[in-house]
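Order of writing sets the labels: A, B, C, D, E, F, G and H. Residues in every chain begin at 1.
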Amino acid sequence: GHARIDHHRALRSGLPEVIYAAGKTPDQTAEIFARMAAAGSDVLATRVDEPTVAAVLAAVPQATHHPQARAMSLRQTTAEISGHIAVVCAGTSDLTVAEEAAITAELFGTQVTRLYDVGVAGIHRLLAVREQLSQAQAVIVCAGMEGALPSVVGGLVGVPVIAVPTSVGYGASFQGTTALLGMLNSCSPNVTVVNIDNGFGAAYTATLIARAANHSR
Amino acid sequence: GHARIDHHRALRSGLPEVIYAAGKTPDQTAEIFARMAAAGSDVLATRVDEPTVAAVLAAVPQATHHPQARAMSLRQTTAEISGHIAVVCAGTSDLTVAEEAAITAELFGTQVTRLYDVGVAGIHRLLAVREQLSQAQAVIVCAGMEGALPSVVGGLVGVPVIAVPTSVGYGASFQGTTALLGMLNSCSPNVTVVNIDNGFGAAYTATLIARAANHSR
Amino acid sequence: GHARIDHHRALRSGLPEVIYAAGKTPDQTAEIFARMAAAGSDVLATRVDEPTVAAVLAAVPQATHHPQARAMSLRQTTAEISGHIAVVCAGTSDLTVAEEAAITAELFGTQVTRLYDVGVAGIHRLLAVREQLSQAQAVIVCAGMEGALPSVVGGLVGVPVIAVPTSVGYGASFQGTTALLGMLNSCSPNVTVVNIDNGFGAAYTATLIARAANHSR
Amino acid sequence: GHARIDHHRALRSGLPEVIYAAGKTPDQTAEIFARMAAAGSDVLATRVDEPTVAAVLAAVPQATHHPQARAMSLRQTTAEISGHIAVVCAGTSDLTVAEEAAITAELFGTQVTRLYDVGVAGIHRLLAVREQLSQAQAVIVCAGMEGALPSVVGGLVGVPVIAVPTSVGYGASFQGTTALLGMLNSCSPNVTVVNIDNGFGAAYTATLIARAANHSR
Amino acid sequence: GHARIDHHRALRSGLPEVIYAAGKTPDQTAEIFARMAAAGSDVLATRVDEPTVAAVLAAVPQATHHPQARAMSLRQTTAEISGHIAVVCAGTSDLTVAEEAAITAELFGTQVTRLYDVGVAGIHRLLAVREQLSQAQAVIVCAGMEGALPSVVGGLVGVPVIAVPTSVGYGASFQGTTALLGMLNSCSPNVTVVNIDNGFGAAYTATLIARAANHSR
Amino acid sequence: GHARIDHHRALRSGLPEVIYAAGKTPDQTAEIFARMAAAGSDVLATRVDEPTVAAVLAAVPQATHHPQARAMSLRQTTAEISGHIAVVCAGTSDLTVAEEAAITAELFGTQVTRLYDVGVAGIHRLLAVREQLSQAQAVIVCAGMEGALPSVVGGLVGVPVIAVPTSVGYGASFQGTTALLGMLNSCSPNVTVVNIDNGFGAAYTATLIARAANHSR
Amino acid sequence: GHARIDHHRALRSGLPEVIYAAGKTPDQTAEIFARMAAAGSDVLATRVDEPTVAAVLAAVPQATHHPQARAMSLRQTTAEISGHIAVVCAGTSDLTVAEEAAITAELFGTQVTRLYDVGVAGIHRLLAVREQLSQAQAVIVCAGMEGALPSVVGGLVGVPVIAVPTSVGYGASFQGTTALLGMLNSCSPNVTVVNIDNGFGAAYTATLIARAANHSR
Amino acid sequence: GHARIDHHRALRSGLPEVIYAAGKTPDQTAEIFARMAAAGSDVLATRVDEPTVAAVLAAVPQATHHPQARAMSLRQTTAEISGHIAVVCAGTSDLTVAEEAAITAELFGTQVTRLYDVGVAGIHRLLAVREQLSQAQAVIVCAGMEGALPSVVGGLVGVPVIAVPTSVGYGASFQGTTALLGMLNSCSPNVTVVNIDNGFGAAYTATLIARAANHSR
């Protein structure tokens, strides 16, 4: 086929390749998944729809489906847990993105504390989990609509916050654009931002941070 | 001249006309200010620049200049104070807009509590003024950058919150557009929004609300 | 589950929580509706689609479906009517949003006068209902396309006008963005704005205003 | 020089060329103005700044300066008045654009009724000039901010309405873009639109319409 | 029902009301169509989909369906032809909009010359119909993609050109926005613009122009 | 200094480096210009303002200033002319960009035919130069406002057309964005596009095309 | 029918007309395809969906379907190969657009080297094909997401690079707009750009360039 | 004054407050700078213009001015160097932002390797510094125009990359928006993004990452 696999990245970062299923047919995803499974590595596919789930399970019956995260995984290595992050989200509708982040980080061997439904309109809910937040070596915050949550979280912790705008909302949310812009203008200086709904990318960077914090060089 | 004065509005709402100086020459503003002063009403001009201040003071020496608010006023009636609002802002750069709101409301006979520099990146600052917030019959919240403050304030009070996006910020703040969009997507249902930097409009509506709450019909 | 219910808001404002069904499965909405019904409170769900209506009716047969408003409600308390608002809309295509506002306000115990199909291209229709408009303690105006109606209404009344842009239109209406921008630039100073199609939010704030006007503090 | 003069247009439409001074140096404008004056035609230059006014007056002392319209003209023919239009505007800040339209139409030999400062927030002002409006064979409506006026005027008359959005406003007016979008979505079907601040183009088309209405073919 | 019919418009302009079916159910459109048919007037419905066609034909079997124009009509009056326009379009994909304009104008009693598939990339095609163009009292030009055609046509005729951007294209055509912007910036001063795909509005104004040109007042 | 000079490009393409003065101080530009002059190469600086012109002339008195193109050049090699292009523009205001393209191409050893002020609103002007157009091996077309010219030119020639949108215009031209979008949607398939006002880039590619056409490989 | 076939283009450029099926019914496309096939020319149809494939094959059984390119072709002439281009793409999801370009160029008689899946995040993949890149007389680069690839390729070759943004991506890719903007701002001066997903247009211009380079005039 | 200083942040993160001078008068900045200097802390002010530099130097003569970074600093503590980052930029025009990042990180006690003028159009320049890149615990990449550099750098290193879009460019760069969007769509998963020109924020997060990597917890 036309694909040129990027073995360099895994070598550099120690993190395995991940299959982005959105642009692929079920058969293509299943075939790549099976090839990586046969090679003995941990495997993760994101953005799987129902036909893709069926195709992958047919090819690799021992794969796990994470419906809320729209992901499938297969753990084959015994990498020890290394690093600890929190995944925070504002409302129940952000769960899909938050779970994509959490599942990805866990496959990468990172411990994940989930702190969900703590939106800023009821700020007491966030303050109630402050203790748990302060344990993390990096924090991922997923929020749609006005995207205000990362700024508040950023002010509460002393570690990097990775903000993930979600496409949740309607009207002037413009499919996550408003949340994205809000996060880029955060008044908390420890906030950096990834693309709308990109839970995967947030987990990738958070894992790099937490892992480095765990193993000083 | 071409102007058709709208006497109807004052009759309907009990609130006097206000001069918007931005689109006028210093002489035009000074002349209208003087005419209204001569008629015995309270007078307010917003968005005054330095030449306009000079022209108005030359024509109406007893006028007061509010530099932070970019406004000039003249109180001639003895309307009792009726209604109580809070004006909240996120950072020192929002002061211009916050003061335009506060000065306008005060000229309209409304009591104003100013709660400034309570941005969400240090949420303890907002929680510290919670008691004061809860006294107001309406709350105006001015914020630039990500515009997150109205959502948090909206969650803390049981009265209408009028959000004013400010043009403070740079880059992806797009001169207040990001704050505007964020506020329109607020997850607090008691938040309504006015145009970027429109402290005057926020004060107008907040005054109507507070006044009605004071005088039941 | 992950949900953290916000009991604080109801305590602060006296208004019950409302279920936003758009981001939920029929089962999730039905379960929350049933739980709140069992607790004896008034219940309202907005943005219900047909499968959700079926699921809620199966769980709570005494619930009422408001098809035009895309909402379901259950009244269990005997709260007296307190406050009076008008809901105005420009065309028949804005009815869905107008009814979301009207049904929400009524559930909150507010008296609603509906003034529909009074768009500005036939201004005599609006002038004909001027008397009725002047009775309201707050006015909600829903309009799509150019969103001109709130400015005209704002000039006719002396109370706050809450403008709701609707996603009605095509081409350069950009799904309600043009109406939204027009309303934010209203030359009537008593106009504030909520998100596109957000009849619920407009009703929430209008109810707070009308209720306060009714019960002076 | 590089210029290729378009003699065809004048032949086709009977309307003389007009000099758009914005992209030209004072000397360039003055030279073209003088050349056209020497040729015996009526001459009009729009968007003249102060140095251009000086340069033109030095070259053609008998030229007239219209400061409000930012235009200069020279009438040399004795074309009879043919056709009658109205130029309507919402506020004093729209006067520059309205006058560009009025001066242009008058140079083209069209009778102009000016109806200024009749914005929709005080609708009685517009209704008061209804009789005058109904005389026109075409109506030009200039408005900034929310651009609502053409829809209302369009509903009052039975002739074409040409809407000119103006760059008046601030914040979410986006230099006239909001007014432009509003006018394109007008619910009155007799409204067509020209570019922001393009009083010249509106007058050109209005003149063609009124002239044809006067001289049936 | 909630509808307030605007009898004023027909009185003012002599043009009948037209049913915009896009926002209505088939039953609603059919009922209004039938009511107007019973009243003896000419009837036109635009933007009809297949279920609406069926519903209208069931209610008014003598109605005519114009599939290319997505319209239905019923002629009952015997208004003589008065005025003559041309409808020009760039490509075969603009036919839907062009036909909406042509059918509307014809129902209003205007003679229509159709000049289709004369896009600017093969300019000889447009030059070949120049003679026909010059007969019209107003010209409607429909074009998608870059929207260049109205400028070229505007330079060829001495009457008003009404430009209709169409949503034809892909990628950076942004559903007609590029064509719309191009037309607003036309360097031909006799071009005015309506909303994307608004063939109806263009025909309405073109009819007013041509009719007035026919009957001098 | 921090600069890493890219000698590779000149080796690859045979075209010398060009100094982009817009982001540099006069001294920086003058110093680089002098260094390249001392090295014996042909030198070109684009986007020079007045202080930069003075600084360069002080350092390299034999340099030539091209005011209309906002450029300075020094020819030191005796490269024969190789390839022939046309530079076309719509109006006098596009001259700056057209001349940047022409001067750049000439310094690169390309013969340039200038065809200026041939905008589409007077199409006869373009048809009159058709013979000259057909001689070129590549055509550069600069146009602002609606950017329609490249489509028409593209339909007249059988060689690549490079379209340069210019920032000429006002209002809805959005500083050249409208022209850019129009050109990207050209219905002529031989049109490719560069950034707004980028005459330099257009000349660079046109030179590569014409040179290759001259020297077959 | 309404179609006016543009025989001029083929005469000018020597390249046959190509059928753009997206805006046509299967029957329309099949009929045009059959007519051109009967006339003995090479035929190409792009953007064919499944019903169109069936209709064309029914009418012209000897036609070839290229599923990855969404195209159908019929070669009937024996034009020798003339010119050599490379088609480069960043990821597997860009294959559709890359193949549209490759198939089009091949039908036009151009030799095509395909270099796929060489995105910039693994730059070694691109460097590994550097030798092959340097053989081409023009290079087409298709990329979605951030659209960075053309700049890097442009720096490696001395011939024109035609950049094709693809609609691949999600969130802030805005259906290819981000890639488009990035390519327009390329810091490599030999890059020109076509519309999003416009593989056809890129192949058309690349063919003109390569053919001219092959046959010096 | 109105300022509520946020002592919490320094406690949480160990990083001192930084003065953002852009929204402040010279006197305000000088006064805060002096107050912090008197308190014995390290002090940094960003976005200082010339009057601010003068005012600060008058108040705190021992302060250092960094003209390229538009910053002023005062080091008073003897914090050991802890952590090591690289700051990379594409062109000489990005230096201002790159230096803001570098100076900020250095004040925070981080070792900085500067790798400037390594834009992607001459990729050999970046590959030449690959060894130095691989030493860093976090990498900041500043780039304007198409913003392609972070993706390429992200593919070369195994640590987090913080991308800073710069407002360098013209036309379709839209003051850094194009670079911002490109970076958000990076195909390298270790890239996160901050606001346009926000060198400070990038340095803040990079410092947190590098410091944690140095001191395992």
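Note that in this section a contact is a pair of C-beta atoms (placed from the backbone, for glycine too) under 8 Å apart; a residue touches a chain by one contact, two chains touch by 3 or more.
Nothing here was measured: the structure is a model prediction, and the numbers come from that model.
Student: Just to be sure I understand: going only through chains that touch, what's the smallest number of steps from chain A to chain G?
Tutor: Tracing touching chains, the least step count from chain A to chain G comes to 1.
Student: Among the chains, which has its CA centre at the largest distance from chain D's?
Tutor: A
Student: If I compare contact pairs by residue number, which of C-E, C-D or A-G overlaps with A-B on over half of them?
Tutor: Among C-E, C-D or A-G, the interface that shares over half of its contact pairs with A-B is C-D.
Student: Sort the other chains by how far their Cα centres are from that of chain F and give me the top one.
Tutor: It is C whose centre lies farthest from that of chain F.
Student: Indicate the whole-number Å distance between the mean C-alpha point of chain A and the mean C-alpha point of chain H.
Tutor: Result: the chain centres lie 26 Å from each other.
Student: Would you mind pulling out the distance in Å between where the CA atoms of chain B average out and where those of chain F do?
Tutor: That pair's centroid distance is 51 Å.
Student: Could you work out how far the Cα centre of chain F sits from that of chain H, in whole Å?
Tutor: 36
Student: Just curious, how far off is chain F from chain A if you go by their C-alpha centres, in Å?
Tutor: Computed from C-alpha means, the inter-chain centre distance equals 47 Å.
Student: For chain A, give me the residues that contact two or more of the other chains.
Tutor: 6, 8-9, 91, 121-122, 155-156, 171-173, 177, 180, 184-185, 195
Student: What are the touching chain pairs in this one?
Tutor: Pairwise, the chains that meet the contact rule are A-B, A-C, A-G, A-H, B-C, B-D, B-H, C-D, C-E, D-E, D-F, E-F, E-G, F-G, F-H, G-H.
Student: Using the touch definition from the top, list the residues of chain D that touch chain F in their complex.
Tutor: Within the complex, chain D touches chain F at residues 2-4, 6, 8-9, 22-24, 28, 165, 167, 175-177, 180, 195-198.
Student: Which stretch or stretches of chain C touch chain E in the complex?
Tutor: 91-93, 95, 114, 116-118, 121-122, 124-125, 168, 170-173
Student: Please output the residues of chain D touching chain C within their complex, sorted ascending.
Tutor: 90-91, 119-123, 127, 145-148, 151-152, 154-156, 169, 171-174, 177-179, 181-188
Student: Quick one: which bits of chain C touch chain B in the complex? Just the residue numbers, please.
Tutor: 6, 8-9, 12-14, 18, 137, 155-160, 162, 180, 184-185, 189-195, 200-202, 204-205, 208-209, 212-217
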